[in-house]
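In the two complexes that follow, chain A is the common piece, with chain B as its partner first and chain C second.
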Partner chain A sequence: MHISNGIIDGPVAAIFGALALAVLTFCVLRGRRDLDDRLAPMAGLVAAFIFAVQMLNFPIFTAGVSGHLLGGVLAALLVGPWVGALCVAVVLIVQALVFGDGGVAMLGLNITNMAIIGTAAGYLLIALLLRVLPRTNAGLAITAFVSALVSVVVASQGFVLEYWLGGTTDLGGNLAGLAGTMAGVHLLIGIGEGLITATTVVTVAKVRPDLVYALRARRPVAPAAPTVPVAGGAR
Partner chain B sequence: MSRRSWPFVLGGLLIALLLAGVVSNYASAHPDGLDSSLLKGCTVNAEGEITGGSCPAQKSQRHELSDSPLADYGVRGISNGFLSTGLSGVLGVLLTFALGGGLFWLARRRGPAPAGASAAPGGGPAGTDRPASRAGSAG
Partner chain C sequence: MGAGHAHVLYRESTSAVHRLPPEVKITAMVLFTVAVVATPREAYWAFGGYAVLVAAVAALARVGPRWLLSRALIELPFVLFAFALPFLGTGERVTVAGLSLSVDGLHGAWNILAKGTLGVLASLLLAATTTTRDLIVGLDRLRCPQVLTQIATFMLRYLDVLVGEARRMRVARVSRGDDPRFLWQLRGFAAGVGALFLRAFERGERVYLAMVSRGYTGRMPAVWQGADAATAGQWAAAATVPAIAVCIAAVAVVLT
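Now for the complex of A and B:
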C-alpha cells in the first residue's frame, strides 16, 4: 500500500509528514514505558520480521493483483500499540530510503496509513475483542484475524481521504468509486493479513506467551477484586 | 516472567532471514491493491508503465532514490535474479533489525518499572545526583 511519488500533491504530503512526525514522537514518549530490556530486542525483531513478510506479496482472487502484510496489528499484539506503530514506521523508512519503495516525499502519508491508522484501528478492536472472547489461543487467533482484516480496510480508506485532499488527478467527482475499489481489494488482502497475523501471534503465544504484549492483559482478570471506594475515583 | 528474550529473538531473526532471503523469490509480481486500484482507467504495458487512458496514478513520478544500489529489492550488479532479490532481502532484514533494535535499545526505559500507568514525575531513581560533577564543573 506504498504511495509512489506524484500521486498526492506536495502540500498535503507535507501536512501529513508533520502529522506523522508528531504522532510518532508521542509514540516514543508513551512507548518508553513499555520498552524495557526485554521488549527492545523483541521490537527490533518485530520490525525485521515485518520487513521480511512485506516482501512476500501474495496473489488475491482478482486477476493480476497482489497484496502484502502491513503488520500494524501483528506489531500491536506482540509489542503494544505505541512501540508497534514505531516498528512499522521503521520498516517504511528503510523501504523508502534504501529500497526505493514508497516515495520519500510520500513517507508521511505512508506512515499515517500503515503505521498509525492501521495500528490504531487494529488496536481498538484488539482491546475490545480480547475482553469479549474466551482467553484461549482460539480467542487470540480470532482477535488477530478480525483486527488485522479490519485494520487493512481502514488503512486503505486513509489513502482515499488523502487522495480527496490532495490527489493529483481529478476523478470527476468519482471519489466513491475509488473508495469502493480500495475497500473491496483490501478486504481480500485483509484476509491474507488476518491469516498471517493470527498464525504468527498464536505461534509466539505457544512458544513464549510471556513475549506477547496483548496477553499481559489476561493477568489482571482476577476474580472480582474487593472494590474499595476511592474518594474522587469515580469516572 | 524474567526469562530472557534473546534466544527467541535470534530464532525469529533466522526465520525472517529465510523468508526475505529465499521465500521472497516466490512472491507475486503483480501490482498491489493500491497500485492496481490507481491504475483503473489506464492502459499499461508489460513493464507496468502507463501508456494511455485516465486514472488516479497517471501523474506518478520516479522515486527520488530509484538509482540506489538496493532499489526495487535487488542488488545492483548482481545479474542472477534469485540471488539479487534474496541478498537484498537479507540486507533489508539485517538493516531493519539494526536500525529498529538499536533505536529501541537506546530509547528503552532503564531502572524500575513505573508504578501502574502513571510514571512518577521527574522520572529517574532518587540519589543519582553526583556532587562530584558539580564540583568539577565549578572549577
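Now for the complex of A and C:
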C-alpha cells in the first residue's frame, strides 16, 4: 500500500506529514515507557517480520498502490499500540530511504495509513474483542483474525481519503470505483493477514504468554500446574 | 554469523560519495526528493535537469547505469497506476493511435512516472553508497529518537536471524522427507510461521542479552557516534545537489 512520489499533491502530503509526525512523537513518548528489556528484542523482531512479509507485494492495477500484508495488528498484539505503531513506521522509513519502496515525500501519508490508522483501528478492536470473547486460545485467534482483517481494509480507505483530498489526477466519478477496488482487494489481503496474525500470535501465546502485550493485563485464570523439569531444561 | 551486515543493495567502493558521512547523504536525498515532488508537472525541462543531477551523482559514486536501472524496476508495481490514468481521467480528451485518452490523465501519468522514478533512483543511490550500520548512525546523528533507531537496529540485525531460522527450518523439513515444489512450499511455510517467529525470537533474545552483557544501553557505542561526524566542508559539498534541485524547482514554479 505504499504510495509513490507524485500520486498525491504536495500540500496534502505535507499536512499528513505533520499529522504523522505529531502522532509518532506521542507514540515515542508513550513507547519509551513500554520498551523494556523484554520488549526491545520483540519490537525488533516484529519489525523484521513485518519487513519480510511486506517484501511480497503485488500491484493493484487501478489504484496506484501495491497490495501486501501490513502487520499493524501483529505489532499491536505483541508489543502494544505505541511501540507497534513505531515498529511499522520504522519499517516504512527504512523502505523509503533505502529500498525506494514508497516515496520519501509521501512518507507522512504512508505512515498515516499503515502505521497509525492500521494499528489504531486494530488495537481498538483488539481491546474490545478481548473483553467480549472467551479467554481461550480460540478467542485470541478470532480477535487477531478479525482485527487484522478490519485494520487492513480501514487502512486502505485511508488512501482513498487522501486521494480524494489531494489526488494529482481528477478521477471524477471513478473515486467510488477506487474505493471499491481498494476495499475488495484488501479484504482478500486481510484474510491472509488475519490467518498469519492469528497463527503467529496463538503460537506465541501458547508457549510464551508473557511475550504477548495484549494479554499482560490478564491474570492467569487457574493457578499454573506445577512444571515438571524436563531433560534439557524447560522451554 | 559475522556476515550480512551490509545489505544486498550496497556497492562496495571508496568513491567520494561513499566516503561522505551518512547523515549528510540522508539529508541531501530527502531534500532532493522534496524538491522533485514540489516541481510543477508541466515543467518538463526541470525533470531533465534532475535526471542529469542523478546521473552525475551516480557517476561520482561509480554506480553503473545498468545496475541502477535494473534495480529501479522494483518501482514498477507502484507506477502501473500511471498507465491506467489516461483512461480513467476526466476532462478534455485527445485521440492517440485510436485510443481516447484524457489530457489530465496523461499529465498525471507523466507526473507519477517522472517523480516516482527520480525518487527511486535517489534512494537507490543512497542504498548503494551507505551500509545499514551507517544508515542507523546517520539517523542517530540527525537526532532521530532513540526508540526509533533502537527498533531499526534490531530490525536490520534480526532480518538475518529470521532468514537464517527459516532456512534451518526448511532444511529440517526437507531432511524429514518433505519434498516441496514451487508454490507448495508455501503450505509448509505457512504452517510453521508461528514456530518460525518463536524460534527467531528466542535466538534474537540471546543476541540481545549478549549485547546487554557487553554494555549495550540502547544506543550504539559512542565510538560510532563520534568518529568522523560530518564537517562543515562535507555538508557544503553534499549540499550542492539539493541546492541545484531547489533552484530548478523554484525556477519551474516561477515559470509555470
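Everything that follows uses one rule, which is that the second predicted complex is superposed on the first by the 207 of 235 C-alpha atoms of A that agree within 3 Å, B and C clash if a C-alpha of one lies under 4 Å from a C-alpha of the other, contacts with A are read in each partner's own complex, and residues count from 1 in each chain.
Please note the rule applied: a residue touches a chain if its C-beta (ideal position, glycine included) is under 8 Å from a C-beta of that chain, and two chains touch if they have at least 3 such contacts.
Computed from a predicted structure; not experimentally measured.
After superposition on chain A, the partners chain B and chain C collide with one another.
In the superposed model, A:Thr181 lies in contact with chain B only, and not with chain C.
With both structures placed on the common chain, the touch criterion links A:Val202 to chain C but leaves chain B unconnected.
In the superposed pair of complexes, A:Gly10 makes contact with chain C only, with no contact to chain B.
When the two complexes are overlaid on their common chain A, residue A:Tyr163 makes contact with chain B while staying clear of chain C. Contacts of A:Asp210 after superposition: chain B is touched, whereas chain C is not reached. Of the two partner chains placed by superposition, chain B and chain C are both touched by A:Val104. Once the two complexes are laid over each other on the shared chain, residue contacts for A:Leu39 go to chain B alone; chain C is not touched. Once the two complexes are overlaid on chain A, the chain A residues touched by chain B in the first and by chain C in the second are 2-7, 28, 31-32, 35, 37, 40-45, 47-49, 51-52, 57-59, 62, 64-66, 83, 86-87, 90-91, 93-94, 96-101, 103-105, 168-169, 171, 207-208, 211. For chain B in complex with chain A, the residues that touch the partner chain are 1, 3-6, 8-9, 12-13, 15-17, 19-20, 23-24, 26-38, 40, 54-66, 68, 70-73, 88-89, 92-105, 107-109, 113-114, 117, 119. Those residues of chain C that touch chain A in the complex are listed here as 7, 9, 26, 29-30, 33-34, 36-38, 41, 72, 74-82, 84-85, 88-91, 104-105, 107-109, 111-116, 118-124, 126-127, 130, 132, 135, 145, 147-148, 150-159, 161-163, 190, 193-195, 197-198, 200-201, 204-205, 207-208, 212, 218.
Residue ranges on chain A touching chain B, taken from their complex, read 1-7, 28, 31-33, 35-53, 55-60, 62, 64-68, 83, 86-87, 90-91, 93-101, 103-105, 156, 159, 163, 167-169, 171, 178, 181-182, 185-186, 188-189, 207-208, 210-211. Every residue of chain A that touches chain C in the complex is listed here, in rising order: 2-7, 10, 13, 28, 31-32, 35, 37, 40-45, 47-49, 51-52, 57-59, 61-66, 83, 86-87, 89-91, 93-94, 96-106, 168-174, 195-196, 199-204, 207-208, 211.
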